[in-house]
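In the two complexes below, chain A is the common chain; its partner is chain B in one and chain C in the other.
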Partner chain A sequence: MTLPTFILKNALRNKRRAFLSVSSVAVSLFLLVTLQVALRELTLPAASPGAELRLCARNKVSLTNPLPARQRAVIEKIPGVEGVSPFTWFGGEYQNDGAMTFAQFAIDPKETRRVFTDLNLTDTELAGFESEKTAAIIGKISADKHHFHVGDHLTLNSTVYPGALEFKIAGIFSGTADDRMMFFRQDYLDDSIGTPGLVGMWWLKVKSAGNMAPVIQAINAAFQNTSAEVRAESERNFQLDFISMLGNVKTLIASISTVVVFTLVLVTASTMSMAVRERFRELAILKALGFRRRELFAFILAESFGLAAAGAVLGIGGAYALYTFGDVGKMTSGIFVSFQVTPRIMGWAALVAALLGIASAVAPALSVARMSVVNGLKTLD
Partner chain B sequence: MALPLTYHFRNARVRLRATLATILGISLVVAVFVLVQALAAGLVQSARNTGDPRNVMIVRKGSTAESSSQVALEQFQIIRYWEQIARDDTGTPLVSADVITLISQPRLDGSGEANVSVRGLTPVGKSLRPQVTLVAGRWFTPGQREVAVSRKMAQRFAGFHLGDTFRTAGKTLTVVGEFDGRNSAFDSEVWLDADEARAIFDRQNYSSLLVRAATPQAGRELMARVEADKRLPLLAEPEVKYYADQTATALPIKVLGNFLAIVMSIGAVFAAMNTMYASVGSRTREIGTLRVLGFRRRTILAGFVLEGALLAAVGGGLGCLLALPLHGVSTGTMSFNSFSETVFEFRITPWLVAKGMIFAVVVGVVGSLLPALRAARLPVITALKSL
Partner chain C sequence: MSDINLTVSPGAEPMVKIRALTKLYSQGDIQVTALDRITLDIAAGEFLSLMGPSGSGKSTLLHIIAGVDRPTRGECLVQGVDVTKLDESQLADWRNHNVGFIFQSFNLIPVLTAAENVELPLLLTRLNRAQRRRQVETALEVVGLADRARHLPRQMSGGQEQRVAIARALVTDPALIVADEPTGNLDSHSAQEVLGALQALRRDAGKTIIMVTHDPKAAAFGTRQIHLEKGELSA
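Then we have the complex of A and B:
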């Protein structure tokens, strides 16, 4: 019998225990990966293609305060600006869907091609959006969820404006960071129930990356000391600012992860000691046969490492498979759109597993090293 | 005859290390379970602490939050002198026309900015919200660019302490008072005079009206009258109900709590099973002896399940104790209703503790069932012969 087979046989001599230990490690690592991915999605959301050239300008007071529409003429004249569109929150509810309704924003259809370059719409769809006042375009996730097709009509009750609007779907977009949103026409909103002369915020695109900083500065300066001061920032920063509003959620998830890891170490270490204690006598015999402490330690380490590795493969692999091939939007009832298990997170989880394998071998190895052969041989347990 | 309880306690002592690890493992799982639920409970309680049963809240029909509601001045004038509304000693109707604005303010810990609810209220508005009391400084004077800030917000945001100033909408505002909202939604607000707020934030309309009804009957009449009046596209409902509906933020927390409970309980069951199997394995001979002494299979089964449940219950109790220090600690997140920072406290209610204990015992029973079955099924002779 070779050493590896000896270790393998030892690990599997109590198959039930091996199974239970591997499973509990796997479940914990699965949870750890899930929490870390959730944390990453919350703190570092996916950027849309083209985001590096886009910036947002909102009312300096807060996101919810409107901006005067007349600012547009000023912004358009700033050198380096490629296109400007209003971006107005409608807060519509679809069939009393409640808080989980897709978000809708009013934009300028003529600027769609210039500013919102990541929509992947066909020319016919874009033309439809540009030509019909009630036209709207909607993300694929929402379209699939509510079974919308091009040409369908839908009515949304606004929670912000008094009344409801009826829309006709002109196109379904995909490939943005959030394929749940709906865009419709600012002029339609203004003409029906909106507050003409006011928009939610400005969304614009600059000609090149070098224009970004100067344009941001120019916009901020242009409206300084006016009744509606503006805060412009890159789309990415805007996204991150939005997320920082979530507050203590980050701490919460990080603390839960820590507790999970701690519990994991505790339980696995205890299992390993159990496995070793069970064969104290055997180890004493090995010692009597002339095996060194070092070798005995290697046996125990290899076994606990193996258990942890098996658990890691199952737990991390399982999480990867579930979140990569499963429908996360459905699983989290729309809270998360993407749930990307990154190599970095998997690496960290694997590292935790490796450390776990080592840490849980230490206590049993120490007691084996300390045991006297005679006492070990006498052990009945 | 059942096995005496002392038998199980002694057993736990013999295998102290493994027992302690299991107990501690279960206790951590229970602590996480209880704490996440305590967050949701805190949010719900904060909403519950807010409404006054005598008050009626009036917002625009269709708006889900005060901050997105609008009530025009004419609408306020129509309602203001209705006879259903209570009056104070001087004969002033108890109606507060409020303006809610969100302002973006930097957090004190430097982790970026968040929206803060600023409420402009009519002088009488303070007496409609008796849970709010001044704890430092004084109330604001209208027209002096003064505000009062909730003490909890003062601890979270820059420029909100007594005597501080902060800039918004091109104006500098001075904090002249700190108030305590007794764990109500007002703990997440900054207060100033309503008309001053309209001037500062360039708002024509009010956001909402809060009205004290003269009697409960008058309150019902008032709500019906708002509904019937064609000039008023408004919705009047009890303030209590309005705030009870403002707890959408608790939903994702509950989802997280349930997810954690399920996954962690699976892990905990595996761990408990491991311990119990080992315990049964090392007591094979003992179990054989018990059988010879006349204890029946089902007694052994019940005994081991009981042992698992006891172990888990101790773990559960410890978990609740571990969670307890966080009771009353305040925390905050963005409310999905108001779109602004909402502060609330961890609330570990007796019902939550009971839920945690039940959760622990279920884990213990499920985890020990199979090992107990194995113990009960051991053939007597072989068991006696084993080492």
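Then we have the complex of A and C:
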């Protein structure tokens, strides 16, 4: 027999309790990893290729207030601007399924290549999008989910505008940070609602990174003191602003994570205390046989650490396997496109598990250290 | 006060030398005298039976000799080492090398086999696995349980469990073996076996054995009997 064998036999003497302890640690760490990944995905959306040269301009009052279409001519003349497209939220529901399963925006198809550089679309598909007014292009995730193919027709009931619009799918794109979206033509939307001369916002691309700040300033200045003042910002800033509208998600998730960790500490500490208390007498025997305090502390620590480590392997490993090899889009009904368990998150969860192992060993180890052999021997079995 | 001094003759160095050993316990404001200035010598190779009624202090005396309890005053030298002066860590090391313990309720680890229980004290030594195995086999052979090496404590009778405990006590080859009511939980047949084993250890291996017992029949297996009464030695 070796010391590790001895520790293992002790840890597994009550198999049901060991199983339940490891399971509770595993489930809690799985939840912790899930929460942290969700937090990361929500607060740090994946950057689109080309995003560093893109910016958006929206109504300064609110995102829901439209902008006059006539602003486009002014923006296009600002030095450094390479392309400008309207970007209008349609809010369509597919097949009355009651939930917005993919977002739809009206854009200018002629600006597709210039502004939305990350869209992987064949020339034929783009030509189809440009040539037919009812044409739409849709992201691969949504196309796969709803089994759309090029040439299919779909009808969306708008929750923003009156009535429904029928679209013909001209292309299926990929390569963006969110391949769930659908783009259709602004002129089709304008026609259907009587050409009010309004757009949701402007999405534009500048020629170089050096143009970003001057263009933002120029756009903001150009519409100052008009009936539709504009707030221009980089695409990245816009995404972060948009996330902040969800409320203080970060605090909420951090609070839940803290509760999870705290509960985890209580469960593991309680298990270890029980495990040690029921063999107080045996530990006193070990002391009598010559085992020192530090050796007994090492036994308890190793056992506690072992339970936490086993739970960590199952919980963190399980989360990694599920979110890496599983279909996250399907699992979350399309809420999350990617759900990346990063090494940093895994490391953080492993650190929590390690601290948990140490923290839950401290109290039982201290009581064993304080215990005299004589008093320990008096303990009932 | 203890008026009786049970010391060896001048010139012969005893295995255990106790001088004016006192142990006081505090129970709230009341102080209880468990041992009152005990002076006692135990020669090497002796099988001493410590007798006395409950609360007489015999187990306390045994615990102090074995280095698991500390006296309030006095000296307790075992093989020339004053165990009352050793710190916790030194005491643990000293116990591992010099004392073998046998308890009333066997106190084997239930998840370990007989051989593994016997091997426990050897885990603290520098012996390699093969050397440990050899010593464990020898110890189990001495107590006649070589064929039970892979049995768990629950698969053995009380007498067999206690013999495993004896094997555990002697596996490090200590000079001193202390036994606290080793036959208290055994039937008479098993008790005879255990006492016979202890007697053989003294006779064949020259071990010094100190045994606490209530039972005069068990005490008769010793080479000397002493009585404690209210913390004092009595004739």
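Miscellaneous remarks
Here is the rule we use: the second predicted complex is superposed on the first by the 374 of 381 C-alpha atoms of A that agree within 3 Å, B and C clash if a C-alpha of one lies under 4 Å from a C-alpha of the other, contacts with A are read in each partner's own complex, and residues count from 1 in each chain.
In this text, contacts are C-beta pairs under 8 Å (C-beta built on N, C-alpha and C of every residue); 3 or more make two chains touch, one makes a residue touch a chain.
Quick caveat: nothing in here was measured; it's all calculated off a predicted structure.
Legend: residue contacts after superposition of the two complexes on their common chain; A:Thr88 is shown touching neither chain B nor chain C. Judged by the touch definition given at the top, the superposed model places A:Lys9 against chain C, while chain B stays out of reach.
In the superposition on chain A, contact is made by A:Leu266 with chain B only, not with chain C.
When the shared chain is aligned, chain C comes close enough to touch A:Glu282, but chain B does not.
More residues of chain A are in touch with B than with the other of chain B and chain C. In the superposition on chain A, contact of A:Val61 is made with chain B only, not with chain C. Overlap of the chain B and chain C interfaces on chain A comprises residues 381. Residues 63, 66, 68-69, 88-89, 92-93, 95-97, 101, 103, 105, 107, 109-112, 115-116, 119-121, 123-124, 129, 168 of chain C are the ones that touch chain A when the two sit in their complex.
Residue ranges on chain B touching chain A, taken from their complex, read 17-18, 21-22, 24-25, 28-29, 31-32, 36, 39, 60-65, 67-68, 70, 101-104, 107, 111-115, 168-170, 201-202, 233, 248, 251-252, 255, 259-260, 263-264, 266-267, 270-271, 273-275, 277-278, 281-282, 331-334, 336-337, 339, 341, 387.
Contact residues on chain A toward chain B in their complex (touch as defined above): 16-17, 20-21, 23-24, 27-28, 30-31, 34, 60-65, 91, 93, 98-99, 157-160, 162-163, 225, 227-229, 231, 240-241, 244-249, 252, 256, 259-260, 262-264, 266-267, 269-271, 273-274, 278, 332-333, 335, 380-381.
On the side of chain A, the complex with chain C involves touching residues 1-3, 6, 9-10, 13, 281-282, 285-293, 295, 372-374, 377, 381.
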